[in-house]
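Chain lettering (A, B, C and D) follows the sequence in which the chains are written, and residue indices restart at 1 in each chain.
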Amino acid sequence: MREIKYSEAILEATDFSLENDPSVLVVGLGVPDPKGIFGTTSGLQEKYGEHRVMDMPLSENGMTGIITGVSLNGFRPILTHQRVEFALLSIEQIVNQAAKWFYMNAGQQNVPIVIRLIIGRGWGQGPQHAQSLESWFAHIPGLKVVMPSNSYDAKGLLISSVEDDNPVIFLEHRWLHNTFDNVPSEGYRVPIGEARLARKGSDVTIVSHSYMVLESLRCADVLAEHGISVEVVDLRSIRPLDSKTVLNSVSKTKRLVVADNGWMHFGVSSEIISIVTENIFDKLICAPVRIGMNDSPSPSTRALANHYYPRAKNIAEVISKMLDKTVDLNILFPKTDIPLDVPDPSFRGPF
Amino acid sequence: MREIKYSEAILEATDFSLENDPSVLVVGLGVPDPKGIFGTTSGLQEKYGEHRVMDMPLSENGMTGIITGVSLNGFRPILTHQRVEFALLSIEQIVNQAAKWFYMNAGQQNVPIVIRLIIGRGWGQGPQHAQSLESWFAHIPGLKVVMPSNSYDAKGLLISSVEDDNPVIFLEHRWLHNTFDNVPSEGYRVPIGEARLARKGSDVTIVSHSYMVLESLRCADVLAEHGISVEVVDLRSIRPLDSKTVLNSVSKTKRLVVADNGWMHFGVSSEIISIVTENIFDKLICAPVRIGMNDSPSPSTRALANHYYPRAKNIAEVISKMLDKTVDLNILFPKTDIPLDVPDPSFRGPF
Amino acid sequence: MLNKFEKNLYYAMLRIRMVEERIAELYSEQEMRCPVHLSIGQEAVAVGVCEHLQKNDIVMSAHRAHAHYLAKGGDLKAMLAELYGKSTGCAKGKGGSMHLIDLENGFFAAVPIVGSTIPIAVGVAWAFKMKKSTNIVTVFLGDGATEEGVFFESLDFASLKNVPILFVCENNFYSVYSNLKVRQAPQRKISVLAESHGIKTFTGDGNDVQQVSKMTREAIKFIKNMNKPVFIELETFRWLEHCGPNGDDELGYREVGELEKWIKKCPIESYKNTIIEKSIVTETEITQMIENISSEINDSFNFAKESVFPKLELLNQHIYKD
Amino acid sequence: MLNKFEKNLYYAMLRIRMVEERIAELYSEQEMRCPVHLSIGQEAVAVGVCEHLQKNDIVMSAHRAHAHYLAKGGDLKAMLAELYGKSTGCAKGKGGSMHLIDLENGFFAAVPIVGSTIPIAVGVAWAFKMKKSTNIVTVFLGDGATEEGVFFESLDFASLKNVPILFVCENNFYSVYSNLKVRQAPQRKISVLAESHGIKTFTGDGNDVQQVSKMTREAIKFIKNMNKPVFIELETFRWLEHCGPNGDDELGYREVGELEKWIKKCPIESYKNTIIEKSIVTETEITQMIENISSEINDSFNFAKESVFPKLELLNQHIYKD
């Protein structure tokens, strides 16, 4: 199988969907432009025409309503925003309208749309270009929330999202766009709602999603060399959430760490901890712990941003404490010259 | 002390704030109209003039930016929306701008605004007039989120909110507006960030907020007659969240039920469970449980809405199971003729 | 039938009026347990526009949707059952008065968040264009809705892509209790806002069903011939309270005499006079119409009242489509 | 000094140009680690407008804010230090290029979410009105920002309350790589949109600093005398890529020759020719200006580079004000 980038996987999934179903549309600021949304839409307008692959006005709220409308009348649009923050202008349409439409009319009309949102990070993006917010969308019944951590899942989940009959929020972390994985060239589906056991282990379970899966895997790799066996669950979708896989894993390891991709409070990690403690409290042998973004807006300067995002080392610190093992984290994670405000090139994949 | 309604308490707090500080403004659709936002703004325009108390265009997003701007230049506006759903049009301004403003400019300019949001419920409001969403706001560093459950707190917390130098989201549940409590006629402050021990007990702690505090207290009353001693913590504010009071209570009772006012997943109850299990896992003797709105949009017909919202009886059911006590819930909570889609008149207060 | 079209205009307005009067009358029984926004006084807009629409043309509306739904041919029984929260309702009771739908008859949706159906309607119309359908979409909106930013975003896109949509603004001068003058600058004219987006506009008297009808005919011709959207602004007036079955003029939020002036311009009465004068209908025919409508209304209310409530299973159905 | 005002116009434009050229030059050192949106080619708008503002008048802007900040008198050292992420930055490094602020000099804020400062600026201006201040607010916005609904909501309120605000739209025909024609209907004219809200408008050549200056003088007079907002639309052009230090014309998203045409209309060069012709400045004076600016720029970059990074404590400061 070929190794391709996550961004290419998105492109291939979109290409496949456009090819496969004439009702698929691709809409977004910059979709046909020379950079093609980080390469994820490059060449599609040339191939499918400007009636199916198109730019749009800077009207996020209106466009969300418009793609909802077009989806009621026979189309399957994919709307893309280059930052999750831009979608905040369209929350009314997403949450009051698209998410509830099928319910409000008691199943007569559904809204098959995909909204691709890119999570900014790094290179001084600053407070308004670096939020995550998946827990917001996942709080809302009627939405599905998908967050692949690798190219293979990205392609398969995007195809599933486009074919899904419900509004799907598809969140892509910028730092994943250049990672690689083995990806079949043909179209395939990864079902929405199934977590992935990204790594087997026996001492502790890290539940994670999106970019933080990579940090979790790195942590697991490093700790393995010191006799700590870490299991990593990649949620892949946040709603529906595959609690079975989470519960199975924690039932086995008896210890839970959640490596959150966003803010922890009222977030994904609090939901995971709740699911685990509500359901298998007796299996746990110690308090669960969550790790996530610093509970503040994200600063631009790297002097602060370097401490804003959790890293493999922070997860390892929690785990060693949890297991009462003394390991020297500075030896395990030696200082490198790689700047922390750009993706670590050693995170190349496949994972 | 006088007993006054929650809506009157809001009115008095607003009146006090307008009187006390000439920079306070009151803005909102219908603020000066004959119904005065459920009576909470009645008479204020007559008293303070239309330059300080005013109606506005149906432009929620724009108006949120405008009150942010006016707050940067010497004023302290209170913006009111009659349903939390209308504020979804202004999420960009609230979350990207107001919440982060002080951080973004490193403390040079702050945004002293209050956004009063009323949570709809009952009488067939339906899917777009009945959401709760406090966990959304509480997820965002930079916002404060206040949710009083009674008249006394409503008045004291609204005055504190207006005097607070940060953006405060002030959520009022419609079904609280007609409840009574003892309220001093002068102005006073209830500090933001302190939970209230609403009832002492020893067997189990219910953590709750806003309207669900009333259902929790009713549950506690009824269970008390059957020898179950329930402690009720009223969070009062969701951010900052008074984890100390929660942890103290659960340390004592060793059992936790969270009666959520909204959807549970990625919600307030998941945060409470996480805080408790992360911090005092060893104190808990059984799995925590959460109760909240049904995980769907809210249906209009009372045939379904009656089962959508959790009630005292549902909480009691959880507690009796948790304590392994067999109580006949149908005897404890006999069927009444009171319709469930309007506030229960026996929930009058004081509480 | 002679003068069928003219008679239909009258019949349709009368029927809407009588349905809403009956809702107002029975509301105090507290069995229609959802907010209702009646359009008594504004019937000419709904009817004058919808009489020109084909069954497969689509209509969308907002909180004050009864008239639009009925004028478009929406099922009366299903609407009333929806107000009663019954399983036979057009949304099985899940929506209530503010969420009407009748796909069979081209009424796609109404929602209570002001302005939010406007872009959705533009999207539906855009789909017609892409499918090379000859159908059009009509979206009804109030003067208040033109204050929402999404209104302008929708105008821009409709104009940019030349989608087959008819925007119909019912300017009744009020949003709840708030007069235009506390919400919009005096020099701001709604139709001009639309025009400034390059959209063809018409303005007129929303209480004159003939004028509305004529204007709509022209508008639809323009949409189909020019492949461009059209915007119509019509002045009209709401007689009852914003939400609920009663009058509220005594609250004093409107100028004294304003309501009376508009009641004198009742769209149904004035059209009745016209068509009787022109001998298009006779008083006897009208009496017959009233009887027919009454009996339809009786039947429909009985249907709604006698229908059963939805079963509990419904609560968790339709959250997601499999 | 003779012809002080004219010389200032030139000096200010030149200074902005030279600052941004230096940023572009040094960006590849990868020490300014934040997105930068340069306004090279658009200096006449910032300068022509801001030269008429008083220190206590307020300016707000968006992602492409360097020129506005500098033209309003914003501190150069603090701006550069902000780009370098240093503790001496105007926002202590928390904001970066897209979050400039200089309260001392009346530059309130710039933010990267397109359109979002427009209502905030209206609010600031409204406060001036309520405080009976004679100060005004100027908000700069792009052609893209006029597609956001909040733009219209802001126009409505500004017009409704007659707030002292000057809207300045820099129409450079592009939003990132997207030409106006894929975003706005051809009949849609930005200034007419503002006019349809009852707002006084002016339009003109944004590369002609004299025209901008004259228009602004009139606009401010109108705002102060009539107590009403004004909207100015100015055509101009961005020379470099949307975001970053390089050109990007080779990508082919703009018409061949378009950029060259605009470079020929360089606001600085053409004004230089005018003022030399009119003997307002001499070549020697200009040489002197360049020297002065260069040395200021050198000093300022040194300051920024030598400043220390903020300490870790800062991360959790300023989340809430006590």
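Methods note: a contact is a pair of C-beta atoms (placed from the backbone, for glycine too) under 8 Å apart; a residue touches a chain by one contact, two chains touch by 3 or more.
It should be emphasised that the depicted structure is a prediction, and the values quoted were computed from it without experimental measurement.
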item: Greatest separation from chain A - chain, by CA centre; value: C
item: Separation of chain C from chain D, taking each centre as the mean of its C-alpha atoms, in whole Å; value: 46
item: Separation of mean Cα positions, chain B and chain A [Å, integer]; value: 31
item: Euclidean distance of C-alpha centroids - chain A vs chain D, Å; value: 36
item: Approximate Å spacing (C-alpha centroids) for the pair chain A, chain C; value: 43
item: Multi-partner residues of chain C (each touching 2 or more other chains); value: 91-95, 99, 111, 113, 147-150, 152-153, 156, 160, 182-184, 314, 319
item: Multi-chain contact residues (two or more partners), chain A; value: 56-57, 59, 61-62, 85, 89, 92, 96, 103-104, 126-128, 141-142, 295-297, 299
item: Category of the chain touch graph - line, ring, star, complete, other; value: complete
item: Parts of chain B lying in touch with chain C, wherever the complex brings them together; value: 29-30, 33-35, 54-62, 85-86, 89, 123-129, 294-297, 299-304, 307-308, 339, 341
item: Chain D - residues contacting chain A, complex; value: 33-35, 85-86, 89, 91-99, 111-115, 144-145, 147-150, 175-178, 182-184, 248, 251-253, 309-310, 312, 314-316, 319
item: Residue ranges of chain C touching chain D (in the complex, touch as defined); value: 147-153, 156, 159-160, 182-189, 192-193, 195-198
item: List of chain C residues in touch with chain A within their complex; value: 58, 91-95, 99, 101, 103, 108-109, 111, 113, 116-128, 130-131, 149-150, 152-154, 156-157, 160, 314, 317-322
item: Of chain B, residues touching chain D in the complex; value: 51, 56-57, 59, 61-75, 92-93, 96-97, 101-110, 141-142, 144, 165-166
